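One chain, chain A, appears in both complexes that follow, with chain B as partner in the first and chain C in the second.
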Partner chain A sequence: MSILGTRVIRTEDPRLLTAGAVYVDDLRVPELDGAARVTFVRSPVAHARITGIDASAALSEPGVVAVLTVQDMTDLAPPPPDSGEPVGGEGPAPLGGPWSEPLLAADTVRFVGEPVAVVITDGRYQGEDAADLVTVDYDPLPAVVGPEAALTSESLLFPAAGSNIPLTSPVSADDAPFDACEVVVEQAIVNQRLACMPLEGRATAATFENGKLTVWHSSQNAQLCRLILCGALGMAPDQIRVIVPDVGGGFGAKVGIDRDGLVVAWAARKTGRALRWNETRSENLVGMTQGRAQLHHIKIGGNRDGKILAYRIDVIQDSGAYSRMGGFLPMLTCLMAPGVYDIPAVQAGYRVVVTNATPISAYRGAGRPEAAATIERAVDLFAAEIGMDPAEVRRRNFVAPDKFPFQTKTGALYDSGQYEEALDKVLAGAGYQELRKEQERRRASGDVRQLGIGISSYVEITAADGAAGETAKLEVADDGTATVYTGSSPHGQGHHTAWAMLVQEELGIPMDKVTVVHGDTDLIPVGVGTYASRSLQLGGSAVHKAAVEVKDEARRQAADILEAAEADVVLDTISGLWQVRGDPEASLTWAQVAGHTSGGLVADVSFAADLPTFPFGAHVSVVEVDTETGKVTLLRHVTVDDAGPVLNPVLAEGQRHGGIAQGAAQALLEEVLYDADGNPLTSTLADYAAITAAELPSYELLASETPTTVNPLGVKGIGEAGTIGSTPAIQNAVIDAVAHLGIRHIDMPTTPQRVWTAINEAQKAGNQ
Partner chain B sequence: MIPTPFTYKRAGSAAEALELVAEYGDDAKFLAGGHSLLPLMKLRLAAPEVIIDLSGLRDLSYVTDQGTYVAVGALTRHHDVEHSDVLARDVPLLAHAAGQVGDPQIRHRGTIGGSIAHADPASDLPAVLLALDATLVAQGSGGTREIPIGEFFQGLFETSLEPDELLTEIRVPKPASAGAWSFQKFSQRAIDWAIVGCAVQGGNVALVNMGGTPLRAAGVEAALADGAAPSDAAAHAAEGTSAADDIRATRAYREHLARVLVSRALTEASSRA
Partner chain C sequence: MKVDLTVNGKDISADVEDRMLLVHFLRDVADLTATNVGCDTTSCGACTVLLDGESVKSCTVLAAQASGHEITTVEGLATNGEMHPVQRAFHQEHGLQCGFCTPGMVMAIVSLLKENPDPSEQQVRQGLEGNLCRCTGYHNIVRAALAAADEGKVSA
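Right after this comes the complex of A and B.
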């Protein structure tokens, strides 16, 4: 029998759950003996001109090795000059010219938390004390807070650029498709700024010896780190080794290496000291890139029979102070704008703006959750307007199963999908009709605690950069063990378990004899990494491909030893023995076969996919809203998340669970806030309402597996599905619970105050 | 946790703690469970030069039946207050409320005395003890004195303790009708401080986080004394309060919550009585 699809428990966990894990700050390698500590001096103001930096008091403190500012970066190339070309379309990322981001602030700071200087000390406590003594004089400038303020261009972050809008892809203003509709609904919808919140914050260690820079970094991809380091520091790839040890979560914010990590690496080269940096949580909440931060204006039109005819979404992407992702995030939002619906006219466009806030980057879903949240809200708004059950409206607009591959109006080519089947399955699993009856009962009795039922149907794009592929090298040694070198980069997903399962499946070498190595550019010079729900479909397919190649070579070797025709040599993947068909006595172990070769059995491959995949699903969420206080309690969450065949249900469920929790967090609780001067109000975990287990029910996960043809495993991504599907279902459920009071929309997060305010205002309007 | 430098002293007894605080004066801070002080030090919002650790004062951790009142040692951890048989029987409001503080880790470290002496109006136990008409016992260089809890809270994080005094015991009078209690804690997440809270014991009503100190809802109590129904009395809940505006709640929302929670608490307390 196949090991694939079985509930193999994670081989990583005994080590990760005990003292065995080694994160960057745990590293006790000889190279880092006596490493000095890096402490950042960060801007306490949102927008200001720097008029002076005085480090003399800090330098006189015990243990202070150096205080470095941008003035010390004489060994770095200046930022690329402005090409003079108009910036537009998807744009480069990061932006150059007048929009350039320095490594340490030069003459201007643009967000609270921006690195201004680094203090290098023998000890960490000394670093915090000395950083307090670095005096930076700031001449305040008016802060641009929020995307709408950016549009006015009253205060400019980059005066040389002449506006706060680096990139635009304008939405169509053609109203004709809406003019033909019986019903048109418009709404402004906020997709709020979120903190990415990995348990392990950012961490970097670096040494520079004999011309070689070694950087240990908490990252989602060692090889991309090296590429970025090469560019920033002007070094060749063979001069840099990047090692990524255990990583405590990334969620998109650890793709590559960011500004702070680059500064640590540069400072190690500059000072010649081994250096360590491990940020505090308060630092993380202002310094690590954040996610979402979009404002949508939508218009949806259709007929009273439930058919949607036209949809427009105008996205304003708050990129924070520096547009690190260019137009990538809103581009993905626009690409996925129509979701699972076959809408005849779709108009989508965006503007990227800069504001005096922490820069925005990828966060679990990266542009797609924003698209799903808004189209699912829009469909509910439309359903409410025509008085039709939201499930029924969805059914009448789904892309039909016989239309795949389906080209959307926004340019995506969906490979496969069974949207109605997924919805029907989740509605049945939730007991939708019974829930509606219970809701009706509570509404009729005027119950303080009203029931809300929210639906979302979603499709997302995973491995959008499938053409970039992923690498795998597989070696079988003459002791019969196998080692996988993967370019993929685990940080919680369970790659070690999954890759070993793939090897056992193909080669019959038991999992406990398979070692998985990742995250070291000396061992794995080429790799792409883990993001965009790409690992299994690309990295896993590469492992599979390597195993097939190793098997082919082993068959040749076995045939040679056994003096049999290759066609007669078979591998029994249960016993792991090579045998000759019809001769049970003649058999070889993997050790014997590998020992027969001169250099061992090795396959070094890469796998690329011609097309991305489009996982889909449907969620039903059930909430209770206390109408006197506005408090929302999530009672149930039922999901179908179809990502093709499931390699290991334990891993897939883990991804769905975590995804649902993060999606629920956006719908219910989490939001990064700033005051009118751009000061962060959520820079501790007492203020930023990260969701906890106490706020979440046990999830009800239903199975659905529709394979894709774009990779040999038939699999699609599952890492972001839970987040994409859950947020709109929960937001819709909250609004559904109070819809009978005359409420049609409540922005996220649906906090008690916000829900109560909506109820209060609806009651006032009703009384007039 | 990267605080500013400080000197650490560990007291072995209340007398030793008092000697240490006499020696270091205003530069010193008592450390009990650490769940209020340490976060402030971590953020460098507090920078005491000397920490006097009280965790060696094991003899100040107790709950004893003293006939007309229950005596609770100031260093009794929330978990032990929550699980005290004496309190479960005679003052169930306090046992229940202690079980609502923070999360299990916090309840195993935080102490009742630390919570009271920190005087955070958003904390649960100050208001609960206010509703219970507790008396606080303080030891100082001048000896031991009793402080009625109504005179204890002077302002945000301010109490009537002298700098050289140590809170040693909380005396909770046994309510005439122990069962007539309710504790309503309204928070966004289970681990959060209350946005607003309400403790009711008999006709005593106290509010969490409705001003710079925990408050008695005097208007509600007066209305109850005049025979008002719970829902009518609750309409007075926001009178005399000065709730803050913050990222969780506006003042108006807090005032609304106070009325809702007081109404629910009074209804629950009377249904239990």
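Right after this comes the complex of A and C.
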């Protein structure tokens, strides 16, 4: 029987449950014995010129090894002169030229939390004391708070650039498609700024010995870290080793290594001391990149028969103080703008702006949840306007199953999808008709607690950079054990279990004899990493490919030992024995076959996909809204998330659960806020409303598996689907609960205050 | 100052700074690194341990305050290499992903089940309000708690 598709509990867990994982701060390796602690001095103001730094008081404190500022970075090459060329584009890379981000602030700070200096101390608590004694003089500049303020360009973050708008891809202004519609609805929709908040914050340790820099970093990809370190520190790849130990969550914010980690590595080289840095949560909530932060203006038009004819989305992407992703995020939002619908005219465009806030980067979904949230809101707005059930409007506009591969108006090529089937399945699973009846009953009786039913149908893009591929090296040793070296980089997903399952499936070597190694550039020099829901489809396909190659080589070896024709030698994947067809006596173990070779059985491969994949699904969310207080209670959440064949339902469901919760968090609670001067109001976990178990129900997951043809496993990504599907379903449910009061839209997060205000205003309007 | 703690049944004495937090004592002095620090406002519960059998957030207790007391961390939960029923339930139910919240979650649930051996789902959810997990969406953590409670009922 195949192990694929079966419920295998994780091999990682016994260690994590009894001894704990080994995160960067847990490392007790000899190289880090006596390591000094790094503490950052960060800007307390949103926008200011630095007029002076005085570290003398700090330096005279006990235990202070050094205080370093940008002045000490004399060993680094100055940034290349501004060539006046365009500053970069839609690749997920930082903008250069006048928009460049320094490692430590030079003469200007542009967000609260920006690193200005580092204090290096012998002990843990000394760093905080000494950092307080570093005096930095700031000459305040007007803060640009929020994307709309950025557009006015009244105050400029980068005067040399001449505006706050580094990139634009203008949306069409052609109104003709809308003029032909019976009904047109317009709406401004906020996709608020969120904290990624992996429970382990950023952490780096570094040593510099005999010309070699070793960096331990909490990251989603060791190899990218090394590439970035090479560029920032002017070193060759063989002078740097990056080790990624266990990682306490990433969600996009730990792709590569950011400036804080680079500063720690540089400081280790500069001082020759082994260094450790582990940020506090308060640092994390201002210093780690955040997500979303888009403002949308949309227009949707169609006919009263439910057919949508035209859709326009104009995206303003707040990139924070430094554009670390260029136009990448809003580009993805525009690419996925029409979602699951076959809309004849789609117009999408964006502007990227800089503001005096924490830089924005990828956060679970990265541009796609924003697209899904808004098209799903737009469809509901349109449905409300024409008075049709939102499920019916969706059905009338889906891309039909016979149209795949489907080329969208925004340039995406959807590989496969069954959108109507997914919706029908989730509606049946939720008991949609009964829910509507219950809603009717509560509305008729004027119940204080109104019921809301929200729907989303979604499609998303995973492994968008499939061409970059992923690596795997598989070795079978002469003791019959196998080792997988993967370029993929787990931080909770369960790769060690999944990759071992793939090896057992193909080679019949039992999972407990398979070791998976990741995250060490000395052992795995080439690798891409874990993000964009790419791991199984690329990294898993690479493991599969390596296993097939090892098997082919083993067959040749076995044929040689058994003196049989290769075609007659078969592997029994249940017993893990090589046999000769028709001769049950002649059999060999993996140990015997591997022992017959000189160098062992090894395959070192990479797998690349020509195309990305497009998982899809449908969610139904049921909420109760207390119309007197505005409080929303999420009662049920039912989902179909189709990412092709499921390798291990335990892991796939876990990804869906986590994704749903993060989507619910955006829809209901979480938001990074700033005051009018750019001071963060949510810089501790006491203020940032991270979602808890008490605010969530158990989820109801339904199965659906539509394979893709772009990889040998037929799989798509599942890591971000839950978030992409749940956010709009929950937001739509909240609005649906109060729709009978005349409310058409409430921005996220749908906090009690916001919902209460909407109800209150609707009642006032009704009384007039 | 000098402190004497019993950690997972082992006596540990050390001279520490007055302001040393219990969690840093556990991690840096006792070298037990499973207990994690996830915040600086007593909000996340990643640091939850048992102090004389009751759950506390070890980031909010000074090592000095814990002197003379018994501390249990997740490292001390298994007996003779056998996982505690809550640990076992976490494994069976896939109650952990990255594992960062896990030691604190496990200890919080051990304490919760001691106080209420037969909780409802809602009681588990309310009881875990002070423990954040960013990975699992809590679904399987709640299931693990309920499964451990069920196992307790059978063995009781």
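Operating definition for what follows: the second predicted complex is superposed on the first by the 761 of 768 C-alpha atoms of A that agree within 3 Å, B and C clash if a C-alpha of one lies under 4 Å from a C-alpha of the other, contacts with A are read in each partner's own complex, and residues count from 1 in each chain.
Methods note: a contact is a pair of C-beta atoms (placed from the backbone, for glycine too) under 8 Å apart; a residue touches a chain by one contact, two chains touch by 3 or more.
These figures come from a predicted structure and were not determined experimentally.
Student: So, does A:A694 touch the first partner chain B, the second partner chain C, both, or neither?
Tutor: Both partners.
Student: Figure out whether A:E128 sits in contact with chain B (first) or chain C (second), or with both, or with neither.
Tutor: first
Student: According to the stated criteria, A:T483 is in contact with first (chain B), second (chain C), both, or neither; which is it?
Tutor: Touch partners of A:T483: none, neither chain B nor chain C.
Student: Check the contacts made with chain A and report whether chain B or chain C touches more of its residues.
Tutor: C
Student: Tell me which partner A:Q753 touches in the superposition: chain B (first), chain C (second), both or neither.
Tutor: A:Q753 contacts chain B only, not chain C.
Student: According to the stated criteria, A:L16 is in contact with first (chain B), second (chain C), both, or neither; which is it?
Tutor: In the superposition, A:L16 touches chain C alone.
Student: Looking at the overlay, does A:L669 come into contact with chain B only (first), chain C only (second), both, or neither?
Tutor: first
Student: Of the two partner chains, chain B (first) and chain C (second), which one does A:S282 touch, if any: first, second, both, or neither?
Tutor: both
Student: After superposition on the shared chain, which partner residues are touched by A:E628: those of chain B (first), chain C (second), both, or neither?
Tutor: In the superposition, A:E628 contacts chain B only.
Student: Check the residue A:A686 against both partner chains and state whether it touches chain B (first), chain C (second), both, or neither.
Tutor: A:A686: touches chain B and chain C.
Student: Could you tell me which stretches of chain A are touched by chain B in one complex and by chain C in the other?
Tutor: In the superposed arrangement, which is not itself an observed complex, chain A uses residues 124-125, 280, 282, 684, 686, 692, 694 for both chain B and chain C.
Student: Over in the complex, which chain B residues touch chain A? Could you list them?
Tutor: Contact set of chain B toward chain A: 2, 4-5, 39, 43-44, 186, 188-193, 195, 247-250, 253, 256-257, 260.
Student: Show me the residue ranges of chain A that touch chain C in the complex, using the header's touch definition.
Tutor: The contact residues of chain A facing chain C are 9-10, 12-14, 16-23, 25-26, 28, 124-125, 197-201, 246-249, 251, 280-282, 491-494, 650-651, 653-654, 657-662, 684-686, 690, 692-694, 696, 698-699, 722.
Student: Over in the complex, which chain C residues touch chain A? Could you list them?
Tutor: Within the complex, chain C contacts chain A at residues 17, 19-20, 24, 27-28, 31, 33-44, 46, 74-75, 77-78, 83, 87, 90-92, 94, 96-103, 106, 121, 124-126, 128-143.
Student: If you look only at chain A, which of its residues touch chain B in the complex?
Tutor: Listed in rising order, the residues of chain A that touch chain B are 124-125, 128-129, 132, 280, 282, 628-629, 631, 669, 673, 681-682, 684, 686-687, 689, 691-692, 694-695, 751-753, 756-757.
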